[in-house]
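Got some structures for you, see below.
One chain, chain A, appears in both complexes that follow, with chain B as partner in the first and chain C in the second.
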Partner chain A sequence: MTKLGQWLCGLALLGSAWAALALAPPGLRLPAPYRQALLPLPVYLLVAFGCYSLATVGYRLATFNDCEEAAAELQEHISAARADLRRRGLRF
Partner chain B sequence: MAEGRANEAARHFRFRPAALSAPVVPAAPRALIGCGASPPRPVRQRADMAAGGADKFSVLLPTYNERENLPLVVWLLARTFRESGINFEIIIIDDGSPDGTQEIAEQLVKIYGSDKILLRPRARKLGLGTAYIHGMKHATGNFIVIMDADLSHHPKFIPEFIRKQKEGNFDIVSGTRYKGNGGVYGWDLKRKLISRGANFITQVLLRPGASDLTGSFRLYRKEVLQKLMEKCVSKGYVFQMEMIVRARQLGYTIGEVPISFVDRVYGESKLGGNEIVSFLKGLLTLFATT
Partner chain C sequence: MATATDQVVGFGLVAFSLVLFVYYTLWIIVLPFIDSDHGIHRYFLPREYAVIIPVVAGLLLVLFIGIFIMVVMWKSRKPAKKSD
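For the complex of A and B:
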């Protein structure tokens, strides 16, 4: 199954479970307090996922390494390479 | 194959605005790699050398206008391999660069020998995807290293890749900018944000089992790379991503090594334009089809 398929399956499963519980006909309804909590659940989940995403990206952005040392080291390596190659007769 | 620009755009989305019988080498004390200075050059022991002895590593270097970078990267590669006693060859695939990259490559052959440096040029710019395929045809090693020739990828990481490969007997070892000591240099906040954001979306949608999908610094078993090249339909911009996604599908194992990516010092970036759009298109295509 494609990733898209997996997502659709997952969403359909959760969605129908939610619909069955939250939107059941009057006779089969859950006790009112549960139902009250259940109705806005999809929105809560969406918001929670949004927050999680923002927090994760934000954290990773803040901790994205700046490789100053690697850049400095590369400069040294470049000089060494140039010197050695020139010595071996390379015409740049 | 409409490769040209699209393909480039893809790679680009690595973001500027990625043994067998030999005894497992006792894991060297995990040298700090990534951003730090290079690991203390390992004083390799004979046993260690022997471990890599049966293997040969073919490095594919696609170049387009890399006159300044090419000799430097070749020098670093040769030094790295010699110091670690690893058998290697470097295959340079130049697409008729107008800046004289080929002339300098010929000089390098004279210096290093035609068994170490193989020139396999093509007449005109045909794109990166096919450059890898072209280079691979001429590779004699049982492992293949793919990297950029613009010094963004430092050869010092290759011994790490090899160690990692042996450690887990992996089919692929991928460099990653997003883990451990990995990182970038020369990126502003905006580019970092786009990179991180795109990476997050990719991880959520594709769950690829590797942290750096758009990077192109990787080690492959030759037969694995061959297989993947056959399978990958998008020779275009989604290429690097598709390689990893397909690898997962085919059940290949992937190891990761943190790398530092230093923005190119010399030469011009060949890319630009609507990378983000290309990337999203590629991502959604993979999402819907794999």
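For the complex of A and C:
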């Protein structure tokens, strides 16, 4: 089974569990506070995932170290490419 | 070391998402278990807004992305060939 199939199966499982508890057939009724917390759960998980993504992006942005040698090497490559293109007649 | 701006922005994002997560978790998960006459309910909107606000924000995001794509595709269309 592909990864997509696995994810869809997992989602279908969790979704049906949530729907079963949320629709509250007489046999499965939860006490009132639990039901109130359960109903917005999909939106809550989505918002929580968004917060996690934002925090990860921010953290990696803040802790990304400069790479001095890579920068110098890149500048060398740029000037070499420029000289080469100029030699071949490209004007810029 | 990342530049100072990068660090400020990065850790600002982390702090913002942490605050948002804590507030939203309290709102959705903790508040139903607290009696309705406790003072903490003053700091939270009615529960319907806990679903409406993220959904509307998501729709606005999709709208802006769509508009951005439209603008970029509009600007990059080639002009029609003129006949001599």
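Methods note: the second predicted complex is superposed on the first by the 65 of 92 C-alpha atoms of A that agree within 3 Å, B and C clash if a C-alpha of one lies under 4 Å from a C-alpha of the other, contacts with A are read in each partner's own complex, and residues count from 1 in each chain.
Throughout what follows, contacts are C-beta pairs under 8 Å (C-beta built on N, C-alpha and C of every residue); 3 or more make two chains touch, one makes a residue touch a chain.
These numbers were taken from a predicted model, which means no experiment stands behind them.
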item	value
Contacts of A:2 with chain B and chain C, given as first, second, both or neither	first
Which superposed partner A:88 touches (first chain B, second chain C, both, neither)	first
Which of chain B and chain C A:40 touches, first, second, both or neither	second
Partner chain in contact with A:66 - chain B first, chain C second, else both or neither	both
Partner chain in contact with A:57 - chain B first, chain C second, else both or neither	both
Set of chain A residues, in rising order, touched by both chain B and chain C	57, 60-61, 64-66
Chain C partner contacts - residues on chain A that touch it in the complex	32-34, 36-37, 40-41, 43-44, 46-48, 51-52, 54-55, 57-66
List of chain B residues in touch with chain A within their complex	34-38, 68, 71-72, 75-76, 104, 107-108, 110-111, 151, 154, 178, 181-186, 189, 192-193, 195-197, 199-200, 204-207, 260-262, 265, 286-290
Chain B partner contacts - residues on chain A that touch it in the complex	2-4, 7, 53, 56-57, 60-61, 64-71, 73-75, 77-78, 81-82, 84-85, 88-92
Residue numbers on chain C that touch chain A, as the complex places them	1-2, 6-7, 9-14, 16-18, 20-21, 24-25, 28-29, 32-33, 47, 50-51, 54-55, 58
